[in-house]
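In order of appearance the chains are A, B, C, D and E, and numbering begins at 1 in each one.
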Amino acid sequence: MKPARNLTLFLLLAPAVIWLGLLIILPHVEILVLSLSERVGPRVYKFGFGNYLEFFTEPLYWRTFARTAIMSILVTVITLVLAFPIALYIARVAQGRLKAMLLLLCLLPFWVSELVRTLGWMMLLRETGLISYLLQMTGLVGQPVEMLYNDGAVILGLVYGGLLFMIVPLANALESLEPSVVEAGYDLGGSRWTVLRRIVIPHATPGIVAGSIIVFMLTVGNFATPVLLGGKNGLWFTEQIYAQFITRFNWPQGAAFGMLLLVLSSAIVWAGLRLSGQSLGTTLRQA
Amino acid sequence: MNRPSLLWKLYIAAFYIFLFAPLLVVAIFAFNASPFPSPPWKGWTLEWFIGNGSVFGKPGILMDPIWLTSIGNSLKVAVPVALLAVLLGTVNAWVLERAEFRGKTIVAMMMLWPLVIPGVILGISILAFFSRVANSLEEVLQTDLDLLRPGLPLVILGQLSFILTIATLIIAARLRKFDRSLEEAALDLGASRAHVLRTVTLPFLSPALVGAGLVALLMSFENFNTTLMLVGSDPPLPITMYGQMREGATPAINAISLLLMLGVGGIASLFALTSKAQG
Amino acid sequence: MASSSDLDLVAVTKRFGPHLAVNDVSFSVTRGDFFSILGPSGCGKTTLMRMIAGFEDPTSGDIRIRGKSMVGVPANRRPVNMVFQSLALFPMMSVGENVAYGLNCRGVARAEAEQRATRMLERVGLKGFAERRVTALSGGQRQRVAIARCLVLEPTLVLLDEPLGALDLKLREHMKIELKQLQSTFNTTFAYITHDQSEALVMSDRIAVMNQGRFEQVGSPRELYHNPATPFVASFVGETNRWSGEGGGAGGTDIRLAAGATVHSTGIVPAKSVLCFVRPEAVALSANAESLASLPNRFEGRVSAVLFDGANSSLLIDTQGFDQPIRAVLPQAGPLAGIEVGASIHLGWTADAMKVFPA
Amino acid sequence: MASSSDLDLVAVTKRFGPHLAVNDVSFSVTRGDFFSILGPSGCGKTTLMRMIAGFEDPTSGDIRIRGKSMVGVPANRRPVNMVFQSLALFPMMSVGENVAYGLNCRGVARAEAEQRATRMLERVGLKGFAERRVTALSGGQRQRVAIARCLVLEPTLVLLDEPLGALDLKLREHMKIELKQLQSTFNTTFAYITHDQSEALVMSDRIAVMNQGRFEQVGSPRELYHNPATPFVASFVGETNRWSGEGGGAGGTDIRLAAGATVHSTGIVPAKSVLCFVRPEAVALSANAESLASLPNRFEGRVSAVLFDGANSSLLIDTQGFDQPIRAVLPQAGPLAGIEVGASIHLGWTADAMKVFPA
Amino acid sequence: AEKLRLLTWADYAPADVVQQFTKETGIEVEITLSNNEEMISKLRATQGAGFDLIQPSQDRIAGPQQEFGIYKPLDLSKLKSDLFIASMLEATKKNTTVDGKVYGVPHIWGTDGLVVNTKAAPNVADYPDLCSPAVAGKSSFRAKRPTLIAFAFANGMDPFAAYKDQKQYADMMEKVGAKLAECKKNVKFFWDGKDQLLNALRSGEVVAAMAWDTGGWKLNSENPDIKFIAPKSGALGWVDTFAIPAKGRNDDAAYKWINFNMRPEIAAKVAASAGNFTASNGADKLMQGKLKDQFAESFPKAAIDNIKWYPAVPAGIEEIEGKVLDRLKAGS
């Protein structure tokens, strides 16, 4: 009985171990090792922290990271604010078919490739795009207006891309709030605002945090949207990584940037968790 | 209290318009008889789907081998990814929900981790790791293992690395709802373990298995970040689209996007139907 | 009436689509009363209460509290508070915060609210629990927090929607008595919902029996038990034997049961089909026929089951002429106390112990 | 004994880590008996039953069914079947498929299995339900399907784990009787778990009272009710008054209660502190002291509450010398039937109505 | 069937040419489109596997070969050298020689210069004019190394001469970077793909840009106002090559493809498709008149002499440039 049980457990665990080991852990170890090798000449490398030093000494790189992080936080906040009323409506007002419909409609755009969505925004925002065209048609502006290739467009695109990942955990969290608890909140004399502030939002905190973490990480790690919508002024940190790997062939430097992205963004998430007093495990399960 | 205010309803409406505006624009301009996907409207055409290139200089997507091979490549990736995700996801879900062993919380946390790793990093780390493995093996075996070099097999592995987490979560969520006394009841009535699995547990899980498979299929089709780093000489659809978009949009991209939307819509309705059956 | 009643419902009706959940219900609750609404699941009790609390609007009719119409007044402005079936304690707050919540909403200063909450907790026997998480309370304690949370606001009326439903048997027995005591201590008007007749009988001053959206009867527990106005009340409130039969007609008092026996009632029985009810405790038992000679209804039967349940034990007696075994209370003492299955026995009841209704 | 008993447990113990869930339990169930295990929540009833069914292995001890040891025999090879508290009907199968499931597992041909399932459904009163989804059944019907699913396999022993827990009150009352009838019709041995003393008393031939992993007493319902072996049994089975006091010592039969009164018992009371129990129905009531003159325990009190509950009504009587009101049965007839709160009343009981246990 | 996996630029392998090749040799051609950086990074990731023939620019061969060893030395005996323009072949061989082995032979060449909508922006004649207020918000260039080189020349420096001294080169690039940073506000976007720029020029979103000659000529045929102009400080001349990856599996097919492609009639077709000039000897005689005319208009004699040809890029240079470019893109 005992050995048989151990064998079963072993077999059950094998896929997880292979998956996590071969596709997650070892590759990250490889990145770490790679990031610690400094090029000294053609095909000659030595161990060192030069690649990391490069990040901190070259303002370009850490500024890019800071810019990416700050914009991501901004995107996360905007997404949260935009998504909350929607999630609340889906979770607590809509019933039956309507509810399923609204949720499904939220999902649909996100199953279509990110590139398609971005293409859509490009077609809307560009100087020769639909919005500019309509504005000219209606005479609101005299000449074409360019709304693409700036930070606003990037934020718009990223918020759009993050919405679903905010709405679903939020709606899940809000859904689990018993209707009678909310009714009790009103019954005891609470106004809408009081009920929202003291009952609904505290209850939804795990969902808010889960959604924020996911949106933040997705945004920080996004590549296509900032590249395609962003203007001449903005580099996203992932573009730096891509550039190091692909256009500069400098894998060690790219690996160092990758590690830094991972560590620094995790640190931001961790700080966020500490501030909100949530734990990662419970939070992610919420999603 | 339950009645939403007008303002709220208007906001909801505006939100859904916002959500679908870009997709609608993409879809509509797939039919614009103009070499550029931008206004003004020059009339309807199907040229971007089935044209042979004589009108706008570029053939329609259904005539263009670039798009057709990309779709083929995407399928070559998505189908194995979906199958593996369901198969391994089921085992993982079992580990998460049923197995008792030391270090389980760590394993559970690890399984969630890929969700928060940026796709680009997943891509480069897998690329770097498998390059090293391939290089080492090459020295030992004196042959080059194509499998470990950028290409579809590596794309499959790269996508699987995080899609597996999602499949695991979907299946585990369903498994958590499973009333274990059902299994015990079946055992109690004399069924063998295999019989219980076949007649009770799997039928219960099947909506989640189908759901996880469809989600995996969609995510694989959609994935760009990870795939970009791992792709070899045979690009899946998003990579081709990205390349073409950098070249400057043509309505061909709109056309392929519309096809994608239709595919997604179809799968989503399938999904809705199966989840209705389970509810 | 207006001055002494805390709650008046006038012809209140509530429709959900085609479904009439509450159908033309009118009643008044006297100040300080413990008023119960008793009815089977789905009869519309909760809907009725939610209309009083302000969570649903009546389709028609008026709801008045202390004479003031509540139509259009939102829930958070009504002088009523509700104890929910699920209790609906705020899990994100401590016990003290739960109780102080309503005071905070009214704008009572924080310190005073805290003080009043603490005092209220003492009064319901939860001294020193203010800092606890609500999840760290037992079922009975949670119950008391939910009530304290309402009472601290000194409402005109407290609504309770099956608050004991989630508790286990022994605790429910205990809380029944405690709840009644709390109500009389605070002298607040309670409107209480339940589908458990025993709860309603034990606690209430007055009970409304509800069925399919309508009130069948309103009265004191004893009235309902001893003088049910409808067959539904007769069978829903308390254990009873129930037979269908037909009146003999021509002003007679005889009823021929479907299975053959003839029974005698007090009143004149209409010729049409009727339902007869006899409570088990009204069935007299004897080992010999003579001692029952004075009873108009006398039968002989055979014990088919002894349902021993301590003080509530009963007998099922297979009796010729009746389609179901007759249920009678098992005597606790005397020669019949030890009666066994299969024994033959004589039974009977007076004419006025039997309630007869047109079917 | 071996030949006539269907189930024997010998010194069965089950540990979960440091926790002793079942502690040295031994008992036998006679063929054809309705045997109940009654105990409060968490006392180890389910654990015990799961060991019999084969879902848990005993830490020590032996389980024998018809004399054959079951240790090491997996659940699907034991000749026992279980009705789960949640019923555990297979939602993905129809009613007929549910009932035929066990037969299919045994390799009975499809057609025959179907036929036998249909016949079994008829016998439990569900003729024509074979094609229904289990989700389209009422609580009581689901109940019967769960039992049919076991009985169709003709097991030596059916285990039932609080199968009525999820039903509502009226249905539970009804199913109690139906279950008992099913058992006697099929003449199968039933082992039944419950925490509801009334269920156990009404249905069982024998009851084991369980507390904290141990059996406190095994006996017939009447034995348990009238002659409880331990204070736990006395207070858990049936309503009772309970006081703590101290014996006078020196072989006396007097007990001085904590609150002051002195009561008299039959046996010799040890000098140490004791617990006394008197059932409400053993408390005699009278408007005047004389009619109780023959009782050794006589007191005067004031009615503090009338708990009207039809045939089960009781009175709470505040009595000097007792820390809690004394509970007595409300007389259904006679001068005391209409007694009101506040009335003064005389009460008393015989010496042997009072059970005394060392505390 | 036998297969040739070709990694090349857009339009370098038109469908009819491929068909003809397959018909003649029975070898199928699998084409992947790319650009210089991606070609090299792909090969770097695979250590030179995955393709049988690639076409990087001649300046991108020696450096990467030293660093990563991704190419295979060419067996010149398998090539029909008389199909190439001799001077161009020699120059390319020289630029792509590492350790005495030759790694590349020329295929297509062209120049970088200015594409200008002469009606909307009549005064653009040199690279710095892209930064003039006249074309504010309507000019464009790539955030890539040719731009740095071009602006260096335009500002009177000689970057190619500075290749050998990294320090000096870095200083030079700093200066160029500063100039470009100033210019940045004038730029609509840094263009990335050819069609992207052409569409912007067609629609008028951009009126002047640094770009390849072919693009300019293509637009010129659609809209005579748009012209390719060889800048005063000189156009930049590039040559795309044939090179064989280190782990190419079908070298024979690769050589066959090279020889096939250099046949004048084939080369002319390819040149027409790419809109550029070919290193094939005699192909220019077969080319259509239009392109010749456009070339003549864009390149007066003096301009041809002023073309600056890229020398091989020494290792380390690209890193210096990369940082400057990153800063250009990131700064605001």
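We take it that a contact is a pair of C-beta atoms (placed from the backbone, for glycine too) under 8 Å apart; a residue touches a chain by one contact, two chains touch by 3 or more.
A quick map from chain label to UniProt name: A, B = ABC transporter permease; C, D = ABC transporter ATP-binding protein.
Values in this document were obtained by computation on a predicted structure and should not be read as measured data.
Chemist: Top contact pair of chains, counted by C-beta pairs?
Modeler: A-B
Chemist: From the centre of chain C, which chain's CA centre is farthest?
Modeler: E
Chemist: Which integer distance in Å separates the CA centroid of chain B from that of chain D?
Modeler: Those two chain centres are 56 Å apart.
Chemist: Centroid from C-alpha atoms only, then distance chain C to chain D, rounded to Å. What do you get?
Modeler: 26
Chemist: Send over the residues of chain A in touch with two or more other chains.
Modeler: 126, 128, 183, 186, 245, 251 - these are the residues of chain A that touch more than one other chain.
Chemist: Can you list the residues of chain B that touch 2 or more other chains?
Modeler: 1, 36, 38, 127, 246, 249
Chemist: Residue numbers of chain E touching chain B in their complex, please.
Modeler: 5, 7, 10, 30, 32-33, 42, 45-47, 49-51, 192-200, 202-203, 247
Chemist: In the complex, go through chain A and note every residue touching chain C.
Modeler: So the residues of chain A touching chain C come out as 178, 180-181, 183-191, 194, 198-199, 202-203.
Chemist: Write out the stretch or stretches of chain B touching chain E in their complex.
Modeler: For this pair, the touching residues of chain B are 36, 38, 127, 131, 134-135, 138, 144, 146, 149-151, 232-235, 243, 246-250.
Chemist: Show which residues of chain B lie in contact with chain D when the two form their complex.
Modeler: 179, 181-182, 184-192, 195, 199-200, 203-204
Chemist: Show me the residue ranges of chain C that touch chain A in the complex, using the header's touch definition.
Modeler: It is residues 53-55, 74-77, 80-82, 84-86, 88-93, 101-102, 104-106, 149-150, 153 of chain C that touch chain A.
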